[in-house]
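Each of the next two complexes has chain A plus one other chain: chain B in the first, chain C in the second.
For the complex of A and B:
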C-alpha cells in the first residue's frame, strides 16, 4: 500500500495545475480517489454525512451484480453446449462452460466500460468537473442485458448513445431521466431488432469441426416461445428460478438476482420498497391474468403467478434497474406507486403485446419518465394534508 | 418620438436591394434566429419527412414557394386586410398556394408526391408559415418580405437536409436514393453491418435536431435561455 501511495504522490505534481499533464487532472483525481479514500474534509457547514461515498456505493452495487455475471458466464456456456448436445446435465463440464462463457462475455464488458468511461472522461475534461462514478454500474449492467451474440460494435454504439444522449446532455451522473443501461438496450432494441430479439441471438451456436447443432434446437427464450403460443418451450419453474434458460447474459437467474438483492438491501443501497412493490405489482397482474386467462383461452395468461415472474428479466429489472436511485421516485409513497406500476406494466406488456416479448425494459423506462410526476403529487398531497391539519389546529 | 414624426422630411429614401438590413433578413434565420432550432417552429415536418433526403428537399422547395409568394401577397395586401379577420385571410392565401404546390407535385414528380403528399397538405399548418405571415409580412414591404421568406425557408431547409442526411445514411444506407454503404458490408451478404432502424423512426429525428441545437448553443452562448 505504501509503495502505491508513494507512486501516486510522485505522479501528482505533473497532473496538478501547471503540470505537464494538467489536462488529465480529473482522470488522475478519479483514479486516485479510487485507490485511496480522499483525505480532504468538508470545510463549510455540512449536513448529514455518511462515510460511504459514491465510489464505494457504486462498488457495492457491482459486487451485488457479480453472482449474475458469474452465473451468466456459465449459462452462456451451458446453453451453447446444450445446443450442441454436449454436457447435458448442468453439473457436467463446469469449467468448459464457464470458460466458454467468459470468453464471450468479457469482450462485451470491456467494450462497454471502454466506450462509456472514455466518453465520460472526455466530457469531464471538457467541462472541467470531477469524474462522477455513475458509469461504473451502468458499464456492468449493459453487458448483463445484452444477448450473447450481439456484435461488439453494436455494444459500443448503444453505450455511446446512452451515455451522451441519455446522460451527458442532462448534465451527467445524477441528472439523467432514464436509466442509462436500459437506454442503451432500448436504443439497440429499436435500432437493430434482428440482433436484439427473435430466436437467433440468445444462444451462441458457433460450431467447431465435427460438432453440429442438435435436431429440433430452438434458440428462442421462454418469452419468445410463450409469445407465439408454444407453451411446451417455456422452461419449468425451477429451471427458471436457477436460470437454466436462454436469455440476456445476466438476467436469467432469479436466484443470482436475489443474492444481489440481499446485499443491496442489507447495505441499504437498493430500496426494498421498490423491489417489494415491483414484485407485488407483478403478482397482481399475473394474478389477474390467471383469473381471466381460462375464459379467454389464453395459455400465456394461465402460467402460474410465481412461474410468470421467474421467467425473463423480471427479477433482474426489479433488483438492479428499478432501484436505480437517480431515475426512481424519491418519496417513500412514490416508491410504492412507482414499483407497483413497473411490475404491473412489465407483465401486461409481455403477455398482451407479442411484439415486445419482454416488457420489463419498457415498463421501467416508462415509469422512469413518470417518476417526477409521481413525486410531485406525493409531495403536494403531503403539503395539502399538513395545511389542512394546521388549519384545524388553528 | 411623436413630435419628431411631424417634422420628418417627406423625401423617401430608396432602400438598397441588398443593403445590410436586407442581407440580415436572409442570414439571420440561418443560424441565430433559426426557425427550427431557435424558435422551435415547424418541428412536426422536421420529424415526418426527413427519412429520405429527396423528400426533405421537395418539402423545402414547396415551403420556399409557399412562404415567399405568401409573404409577398400578404405584404402587398397588408393595408387592405382588416386586422380582425387577418388570420383567416392569411389562411386562405396559404391554402391556395399549398393547393397549387400539391397539384404541381402530382403533375411533375408523382412518385415523390405519393410519399410527401400528405405532408404537403399540412404545410398549411406549418407554424413557420403562419408565423412569418403574421410577424413579418403584415408589417413590412413586399421586397423585404420576399427576402424574409427566402431566409426562413433556407434556415428551415438546412436543418431538414442535415437531419435527413444522417437519417437516410444510417437508416437506409443510401443518399438521395443512391447506395452509399456498399451492399457487401451488410450482414445479409456476409458482412457485419446493419441499418439502424431507430433512424427511420421519428424519435431519432428529434434527437438529431436536439444535437444540432446543442452544437449551436455551445458555439453561441447568447442563445442559451437564462433560467
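For the complex of A and C:
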C-alpha cells in the first residue's frame, strides 16, 4: 500500500500542469482518487464529515444490481438451452447455462463501460473537471436492459448517444434530465426497432454442429405473446417471479430485483417512497384493468394484478431506474406522485398500446421529464404556507 | 403557556472525548485577544492603540456602522498589539493582562428595578451587548430594534458540547438577574428552552420566563430549530437570543457595574489530553487552557460542526464555551483499508452503508478529512433527515447559488443560520459546503434589502 502510494506520488508530476502527460491529468486524478481517498482536510464549515461519498454510494448500487446480473447470465443460458431442447429443468446444467450466458453478457458490459467511460474521460479532460462517478451505475444498467442478441456496435452507439446527448450536454453527472441508461435503450428502441423488439432478439438460438432449435419454439417474451392475445405463451406467475422467461438480460427476475431493492432501501440509497409508490401505481392500473377487462373482452387486461406486475421490466424499472435520484423528483411529496404515475403509466402503455411492450421505459422517461414540474408545485405549496403564515402574523 | 416540543429529525454524532464533570480554575492568562472576526458582519473601528493602558470594561473597538455597540476588554493591562490581515483588516486586539484586573466603573444596580433604556444603555456601555444576537441573519442584535421574543437555549446538543446544567450550577442568582434584564428588552416573552433531561434548578426555577421543554437529537438545541417550532420567524420580525453563560454575565455586570467576561469552557475531543471544564475569561489563548497537544491535531474553538479552526496558538472565540481537539485528516486513505470502500468499523456514518448503525453504543474518533471529493448534488432526501424545519434545504441552497433573493426569502432563508445546516454538511454525500453557502445567502440578502 505504501509502495502503491509512492508509485502514485512518483507518477503524479508527469500528469500535473507542465508535465508530459498533462492532458491526461483528470484521468490520472480519477484513478488516484479511486485508489486513495484524497487527503483533503475540511477547511470551511463542519470539521468532521460523514465517511460516505459518491464512490461508495455508486458502489452500493452496483452491488444491488449483482443479483440481477448473475441471474441474467444464467437465464440467458437457460433460455438458450430451452430453445435447443436441452437441460429443460432449471436445475440442470447450471454451469453450462451460466458460462454460456456470461460469455454473451460480459462483452456487452465491457463495451458499455469502455465506451461510456471513454467519453466521460474525454469530456472531463476537455472541460477540466474531475470525473464524477455517475457512469459507474449507468454502465452496468445499460447491459441489463439490452436483449441478449443486441449487436455490440449498437451497444456502443446507444451508450455514446446516451452519455453525450443524455448527460454531458446538460453538464454531466447530477445535471441530466433523463435517466442515462434508459436514454440509451430508448434511442436503440426507436432507431433500430427490429433489433430491439419482436421475437428474434430475446433468446440466443445460435446452434453448434448437431444442435437444432426445437419445433414450435417462439422467442417472444410473455408480453409479446400477451399483446397478440396468445395468453398460453405468458409464463406462469411463479416463473415470472423467479425470472424464468425471455426478456432483457437483467430484467426478468422480480426476485433478483427485490434483493437489490432490499439493499438499496436498507442503506437508504434507493428511495423506498418511489419504489412503493411505483408499485402502488402499478397495482392501481392493473386493478382497474382487471375490473374493466371482462367487459371489453380483453385477455391482456385480465392478467391478475400481481402477475401483471411481475412480467417484463416493471420490477427492474421500479427498483433501479425510477429511483435514480438525479432524474426523479427531489421532494418527499413529489416522490409519491412521481412514482405512482410511473406505475400507472407503465401498465397503461404496456396493455393499451401493444406496439410498445416496454411501457415501463416510456413511463419512467416521461415522468423524468415531468419531475421538475411536480417538484415545482410541491415547493410552491411550501412557499405559500410561509407567505400565509406571515400574513396572519402581520 | 410552557410548551413541550419533540424534535424527530436530526443526528447525534457519537464522538469520543467528552469533558469530565470537573471544574478547574484556570490561572490568569498573560495575554488575551479579542477578535472582531468572531462577530460576523462587523466592521470594527479601533478605539485604542498599541501601548494604551486599558481597564477591564474599556472599549477596544466599536461597530463602525452602529457606534453604540462597543467591544470591551475582559482584562486590564496594556494593549500589546493590533494584529492585522489582508487590506489591514483587524484580526485581533491583544492585551497584556495584569495579574489582578482593575475594572472600569460603570455603576451597578438591580436589573429588576431598572427601566428598559437604562438596561439598554448599561449593556451597550459595558460591552455586554455583542452577546445578545438576533435572527434573522445571526448577527449582533440591533439596539434600535424591538424583538418579538428573546430566546435563551439552556442546553446544547452539538457533539461533545458543554453540559449547561453543570456549567450554570451555582450561578442561579446571576442568571435570574440577567433574565430580569432581558425581560425588559422585548415586547413579548423570554423563552427559556430546556432539555427534557435537565435537572438544573437554575433553569427549572427561573422566573420572568416561559419555560419550554425540548426533546430529540441535535440540532434540537439550535436557536433556529427552537424558534421554528415555537413561533416561526416571519419577514419583518426580529428575535433576539442569548446563551445562559452570557445571561449570567449580563446579570453580574449589571449588578456590579464591572464588565465580567468570565466563561466556563469544556475541553473536549479525542486528542485533548486533559478533558474537563475550565473557568476562564473570554479571549484566553487556547494553549493556556488545553496544555500540550500532539503534532497532527486541529484545535477548534467551538464544536466540531460549526466551530472555528483557531490553531494551537489561537484564542478562545467570544461566543464559544467549548474547545475541541481532533486528529487532523490530511493524509490520503487507501480505498480498501481506510478509504471509500473500507468496511469502516471505526467510522461513524448516518448512512447504513457503514456498520456504525449496528454498534449503537460505540463512540468514534473521526479526523478532519473530508472523506471524498466535492460533487454535484446527486443523492436526494439526505438533508431532510437531519433538518427539522418545514423548509426544503437543497432548494434553498440552490436559490442562494443562483443568487435569487426573492426565492431565498420565499424558501425561508430568514429562519435559518449556517449552524442549522451543519448536519446537512456533515451527512452530505457530495460534500457541498452548505454552511458557507447559507452564510453567503444571508449576507447577500442583508446587503440587498437593508
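To be clear about the criterion, the second predicted complex is superposed on the first by the 382 of 394 C-alpha atoms of A that agree within 3 Å, B and C clash if a C-alpha of one lies under 4 Å from a C-alpha of the other, contacts with A are read in each partner's own complex, and residues count from 1 in each chain.
Here, a contact is a pair of C-beta atoms (placed from the backbone, for glycine too) under 8 Å apart; a residue touches a chain by one contact, two chains touch by 3 or more.
All values derive from a computational prediction rather than experimental measurement.
Novice: Regarding the shared-chain residue A:169, is it in contact with chain B (first), chain C (second), both, or neither?
Specialist: Touch partner of A:169: chain B, not chain C.
Novice: Could you tell me if A:34 is touching chain B, chain C, both of them or neither one (first, second, both, neither)?
Specialist: So A:34 only meets chain C here.
Novice: Go through the superposed model and pick first if A:394 touches only chain B, second if only chain C, both, or neither.
Specialist: The second partner, chain C, only.
Novice: Check the contacts made with chain A and report whether chain B or chain C touches more of its residues.
Specialist: C
Novice: Report, in rising order, the residues of chain A that make contact with chain B in one complex and with chain C in the other.
Specialist: none
Novice: So in the complex, which bits of chain C are touching chain A?
Specialist: Touch list, chain C to chain A: 13, 15, 159, 232, 234-237, 298, 300, 304-307, 309, 324, 326, 328-335, 337-341, 344, 347-354, 366-373, 375-382, 384, 390-392, 394-395, 410-412, 418, 422, 425-431, 433-436.
Novice: Report the residues of chain A in contact with chain B in the complex, numbered from low to high.
Specialist: 151, 153-154, 157, 165, 169, 187, 190-195
Novice: Using the touch rule from the top, collect the residues of chain B that touch chain A in their complex.
Specialist: Checking each residue of chain B against chain A gives 187, 192, 194, 196-199, 201, 207, 210, 214.
Novice: Going by the contact rule set out above, which residues of chain A touch chain C in the complex?
Specialist: Touching chain C from chain A are residues 1, 4-5, 33-57, 59-60, 130, 132-134, 171-175, 266-269, 271, 325-326, 328, 330-332, 335, 379, 382-383, 385-387, 389-390, 393-394.
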